[in-house]
């Protein structure tokens, strides 16, 4: 643990977040996501949910302001209701930024392909469905 | 995740717990314990407290009934009050066993030496002090 | 060994099963399958047959309910009788699920290609022919 | 699998048995033995019992005829009855050799120390207690 | 060394042969073959010729009876006489099988490509030319 | 880089600092210190001086308040003047803490022995002499 | 540190620069560049800026005189002013060479592709934008 | 060092030369060649020139007599004079063989591609330009 | 294979012999020696006997002339006849040296201890008993 | 190669020399020294003599001025003449330093022990006897 660093960001995750540069992506995955199969680099946080991890990550990682949507969700199948956890994510993102970031949605297969190219996957123990989220890192200005 | 396995027991911890035999010890360490310095094998659970992990571990791991005290705490310095988290541990242990297990206490230096010899250390993000606990595995009878 | 975990599921297999996510596949291979040549990750259970391993795996791993057939066999050459072990598999699968899962068949070459892409191969010592089976993991709901 | 090699002797065990020379020892351990903690080299056979493995090992590995007792058991605590599995071991050993080998007993702590110095530990899923056995390899004369 | 296993089959080769499944191929290469450059897995037997190794391998490894020719040689350039070692190979193969196996020939470049895809290459110190041979493993029935 | 983390604390150093627990020590070494020879874990910062690194480290790492002196210097040989950089260190330390920490001094050989036991050594490019300093980590309270 | 070698060129960077041959490229990257994601070989200098590193590198590494432009920058988006750090680079380059080297510009995506093929990336803590620069090594004549 | 083996052929180079088979290629590269960037296997001889190494290599390695030209040079740009070191190579080659081997030339880019496919690159400290040479190993007949 | 190097000295053994310096020892072990258990570095020659390997090794490796006995055997138990293979060794040694080297004998336990400290063990498939021999390397004078 | 760095100091040696700190020792060993057996870190320069390497090393590495003798030789046996190469070393050392460094001598066994504790051993192909020399690094003042 370190002063001012959220306690759920362990040493390995801290290293990965710090290594990431402008445009690199982190997938915060739920407990049923095939994280180990897809990840180039895998960090585990099995006992923690996505919202807690997202909140902590956004304290350390600025969002990419050069793209329309620096937060990307896995789209639901047509007809399915919007998962309630998405509004939790929007709230967390809004509180972390001066301007509310736009969250976009891509379908399952595209999400998998993007996870394969992501810098890292953070595998949580989140039980909610459609709870995976991609975070695109921006330029750090306030070190 | 697996059916019937607590979600906060990730793949690496599961492997370690399964590898342990009769008499092997696991240290569940708080966030300020020098886990990485002392551990022969290290598993991290940075976003989780010791009580949640202890509860999950005791679902999978039987306690050693051949020793007087299969649960060992780091003794407080004389005069200090008993840490409130200890009674939480006793409750968790009692609920997990037919007979209430006796928790013993060893001083800080002895605890460190025992952690070096333990099969593994599970590094949690627990914020409470004097929150480290050693779990001695017994004979598995109900696979 | 662990409480409630079948004894033939060793530490390495337990880790692999736990790492797998929704949609990942495990091949349970017989003793003549070219497991080491094809597997991305290889776990061995040389002294055990496929039925015992299938039964144990299905206690821990839910089947994928989003596909028509979460269990896949290697099709026999035209004219060959159905291997008797297949009905054993159907029985095991039926007992493990609320609804009887449909087993499908793909030809040898296609089976090999799928084994290469599978998350892992479990190499048993099964002596029966046509005894290989692919298990597609579903969403874990009852941790 | 190979012609004439028992199916439960997988590739890794076969390599270990072949590497062993005159006087090297193999521990065939039951499912509660702290195998991973003590072994210099560890091979797992989680789904198999000690008797099946002992029978197969003795087909390939000659016993050391230069020592009084090439098979060593972990002694029971005084007063405990002799574990029934020991006579199974004596039968297996007798059938594998021209002359009936003498099995000796050493206490638990001495057994642990010897396991640490052994060439390898074979971790089985054996459920019986006092089921660990040390096999001391002799000179191979019939390759 | 092990009872009943030819002495020139060392621990690493034994492991490789045992890992191979139905259809996997082993190249037994002469001393001038570019074994290290082409092999996915390399085992060395520098002081031994191909015939001795072939004879030992065929004691442990059944030939594939599902293909026309489970033994493949590197074809000579047109006009060259048949290398005398080939009839030695045919004799060894005949003695090892109930039915005389058919040996086929492929040209040098095709042989190289097949060596790259083979499960392993066994590099001998054979001095004869055109002495390389591919062995295709069949189904083990007599463990 | 990360929000709120000094830019000269790179990913590897961040991981090491986060892994350290209560009582673990970090040596911030000058450019002539035998860092690679002594360190259990080595992180390099060749282009940076000790004062900049000390200042950044103390923003993230609390000092151990359970010991008399959480900052330790390599004592000068008798007669030598106090190196001017020491008062720079005292200033940095004072600014980083509520209470001014006491810096102690140990001789060269003792310093070397302590560096060998330290959790890590941070090798800077500092050109000043007697510029090495040991930082003993305390309990993190403000994550 | 070594006589005559700039102190900010640590052992790992020195090795990489020395391994590079005629035509190999080094990317000196700013603190927001996705260095870890793109680099074939990564050396870190988190506490140092690009100009200091460029100046030191050019003392050891001759520029390629067989290409028009041995120094390559990431082009700004149309309309953006020229980053002031570029003239600093030109000054450093001019001072290091007999003849002023021409700096060229390639767009962001092309720069990324070239970084992937570069021999190494040196990740600095540079805070300026558009501060990345590629150095193409020439023929060493004055060892 | 070994009896009868040139002293400048160290253990690693000796191993590589011995592993090479008929048709495998070794690049003996000058000090400015991008050896580390291109080599599949790299052996260094930084303090030695190409002629000394070529002379020693040809004592151990027979040239391929099945190709027109078993020694290949990097062609000079049109108009450049022939590098004097080439006739040194021809002399060394002539002295090492019964029949004078033909040296051919390929252009820089083709040479790079061939170096990537070569079994190994030997990086010398040769200062001459156009001094790289490829040696194609033949059949060893005089062990 | 290489010109002038015996064919049974493969690449790994060649490297080991070349790495050895004055005073380093090689154990050439028979097929029942616990080579893998004792060796710091292990090279295998399973299909070859000790005499052939000794003869080849002595072509490349000079014996240490600064000690009384550069060849050491494992002494027989009192009363046992001298193994016939010893005179074979003496013949081989005599033919390889200008002066007949003295072979000494040490008991089994001392031999084991010396094998542990030896630079390497060469594990042959030799079937004779008391066939192990230690070779102490001398100063190479005729490279 | 790098500007101003002697060509016989390759990348690995350069890294090792740069990593060494005040008081660390480098052994420059002749071709018969048991370098691989004793070295903690080994760098090879098989084709080069000790004098050339010593000369190059002393251009980069300052000698330790805090000890009486920063250069240490292996003492000859009583009665042997002083090896002529020693005066070559003294000359090289004198030319490299403002003040002539004192060379001391320790006996063979002590030299071996010191080589084991040295930071690295540089194995040359030097043919002279008694040609090993230890270089103790001092404080770098002129980067």
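The first chain written gets the first letter, and so on, giving A, B, C, D, E, F, G, H, I and J; residue counts start at 1 in each chain.
By definition in this document, a residue touches a chain if its C-beta (ideal position, glycine included) is under 8 Å from a C-beta of that chain, and two chains touch if they have at least 3 such contacts.
Please read all numbers here as calculations on a predicted model, not as lab measurements.
The set of chains touching chain B and also touching chain G is given as A, F. Any chain touching chain B that also touches chain I appears here: D. By count of C-beta pairs in contact, G-J exceeds the other of the chain pairs G-J and A-B. Of the chain pairs listed in G-J, F-G or A-B, the one whose interface repeats that of H-I (more than half of its contact pairs identical by residue number) is G-J. Mean C-alpha position of chain B lies 54 Å from that of chain E.
A straight line joining the Cα centres of chain E and chain H is 32 Å long. Multi-chain contact residues of chain C, defined as those touching 2 or more other chains: 1, 7, 10-12, 19, 31-32, 36, 127, 140, 143. This structure has the following touching chain pairs: A-B, A-C, A-F, A-G, B-C, B-D, B-F, C-D, C-E, D-E, D-I, E-H, E-I, F-G, F-J, G-H, G-J, H-I, H-J, I-J. Taken together, the chain B residues at the contact with chain F in this complex read 31-37, 127, 129.
On the chain D side of its complex with chain I, the touching residues are 19-24, 119, 139-140, 143. On the side of chain I, the complex with chain E involves touching residues 1, 7-13, 31-32, 36, 44-48, 52-53, 123, 125, 127. Note for the complex: chain A touches chain F at residues 1-7, 10-12, 14-19, 59-62, 140, 142-143.
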